[in-house]
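The structures considered in this document are given below.
The same chain A turns up in both complexes below, where it pairs with chain B and then with chain C.
Here is the complex of A and B:
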């Protein structure tokens, strides 16, 4: 396993990739935001089995360029950036829902697409596709999932 | 001052026709005024990102068709921009121009279906037929090129599925000649209608800074005064070789968003008319990606590619691990960000205005829920 080294490198398409430790994530992003990278394009969580990589894509309207900021987490916890961008609210909820990253400091960290009692996070590499889960609607109109371990598909 | 208990929680959707499919809005209403709106999504969730991880690079295109199903070729272009950079297989010049034409046709097709639905939401039935009439001529081109009306699966890695024959180029030329007049006709149906103006002017004003905070892109951002279009900011396909302008407005209301979109249709027609003239001769696919080789293409590294879909900035982030299937695919859905700003726009508006604001945001749920 390669040790994560903070620093800067160039991606395949020539963009800047800044690697930071997750303790410095919020300060790095807020510095970049004040430098003009005001558009948060995308937050991605990549499950690398031993750790989870979280990638932030930012865009600057003035400079007309975009950069990525990368961090890793070994315990699925990353500080939330909802204080910097409001769009991070739903993006982090989506990544929590599907990849299972817990964003510390998020005001309303609930699942975005799946029902609240869904078992597992589908985009994890160890997610078992054999388990079948059905979505039902209760009398209040809220969704809930029923779990059925079995052969599946 | 009304106490919280006097509020009524009203569910708009998930089956209400004006919600474009399967959106559920939890609205807290006080009489006719909507005080708070909370969108609930996920009814169409299929987890296309997971499906992509279990499929070959070349087969993933069909999942992207099913995202923005009213403008499928535009989605294919978005995926292929990323996938081709990752795999190192690039399309020849003719395929690039063909894709440009298809992407712009799909943009017009998508805008027209929005325009038709938007008219219906405001109680106008007539523009619906005009829009679908014009859209039909685009779908005829899609059928001729790919064999399918909606989910075209036309672009493939390293080129396109089949060449533009004479019949298709003739139909595109005919479309370019006929369309401007028809667009003006449709526009006059809206813009000369007093009720349409009074229901949209000054309604749903979106501030520039709020739009940027929420990650809003596309026509909503441009109508709020930010000139951001990926086709200009980071030209892909043949967009750097054609002349077109980005329409913007500083008003930020429903009417501005409508006007920006109508101008976008005009600019798209302009791009198609230039592209069909410049369409070069030559092969339409890269021999590296011929059918027998396609499933053996391997990708390593990571690529984030952005394209301007009909709804806004459509981004695809692909991570490869050297295999024939992607390791991780992540999609930036523009409609999702445009919907998230409803929490701001839906504050202290009339219920009827909420429907028209929702109409101008132009949501497609295949793309939001993925």
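Here is the complex of A and C:
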């Protein structure tokens, strides 16, 4: 089992990678935002089987520099950063949709891409690919997922 | 031509219709993924499909005869592809461009991709490649023209 230690290291391209506990996540990000990393470029989720890693990629226009902030969660719950960046809204919805991370404090945590009744989160390691799901459109034009291959595509 | 045989007349009219249809295939402006970049190239000057009468990419499915499905058809896109195909008037033809459209391609083990657009709409010509070159797509178009004229070999 991989151990998570808070701290700082350098990536292969010299980028600073800051590892924090999820309790310190919002305070760290807000400190970095006040230091000039004002652009939230990307949020990624990584399924490491024992835990889920969430990576925040920030960009500073003044220094032309990227920085990564990593945190881990063992119960799929992470505090939301929508209070710091409005753009985190859809990024976190995408994470919830595909990796199944629940962002605590998110104003509208719904699926972004897949239909609401899709079962499971496809980028999880334990997602069952044998159980194929199909998508079709109902009378109102809303997408729905189904297990019946005769109903959708 | 006074041969007294009306059969010859009918055949000739059909031939004329097939000739007209095959030389005025207007495609639908419709690209789904990277194959669409190669599809744009067949309209440019190097391999110009206006030589075959297909120069006008129509912006409405109601004015087009040919749907070039260029790019990965996701499960979410499949109902929309079906709807666009249903809106096209007869006679209508479909070219499946690239391996993603033919059978899923590199996404064949994924959760999100339809394994072949022929599960959604009927396909006339398959053009393999990832992506197919503009020359290959032009050959596919010429094959479709031959199919319309009844000259194609399987």
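What we mean here is this: the second predicted complex is superposed on the first by the 147 of 153 C-alpha atoms of A that agree within 3 Å, B and C clash if a C-alpha of one lies under 4 Å from a C-alpha of the other, contacts with A are read in each partner's own complex, and residues count from 1 in each chain.
In this text, a contact is a pair of C-beta atoms (placed from the backbone, for glycine too) under 8 Å apart; a residue touches a chain by one contact, two chains touch by 3 or more.
Please read all numbers here as calculations on a predicted model, not as lab measurements.
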| item | value |
| --- | --- |
| Touch count on chain A, higher of chain B and chain C | B |
| Chain B versus chain C as contact partner of A:22, first or second or both or neither | neither |
| Touched partner set for A:113, first chain B, second chain C, both or neither | both |
| First (chain B), second (chain C), both or neither touched by A:61 | first |
| Which superposed partner A:44 touches (first chain B, second chain C, both, neither) | first |
| Partner chain in contact with A:122 - chain B first, chain C second, else both or neither | both |
| Touched partner set for A:134, first chain B, second chain C, both or neither | second |
| Overlap of the chain B and chain C footprints on chain A, listed as residue numbers | 113-114, 122, 127, 143 |
| Parts of chain A lying in touch with chain C, wherever the complex brings them together | 113-114, 122, 127, 129, 132-137, 143, 152-153 |
| Residues of chain A defined as touching chain B within the complex | 11-13, 15, 38-42, 44, 46-47, 55, 57, 61, 64, 66, 68, 85-87, 89-91, 98, 112-114, 122-123, 127, 141, 143 |
| List of chain C residues in touch with chain A within their complex | 75-76, 78-79, 82, 109, 111-112, 114, 119-120 |
| Chain A-facing residues of chain B, complex | 11, 41-42, 45, 47, 49-50, 53, 85-86, 212-216, 226, 228, 233-234, 301-306, 313, 315, 317, 319, 327-328, 330, 332, 336-337, 340, 369 |
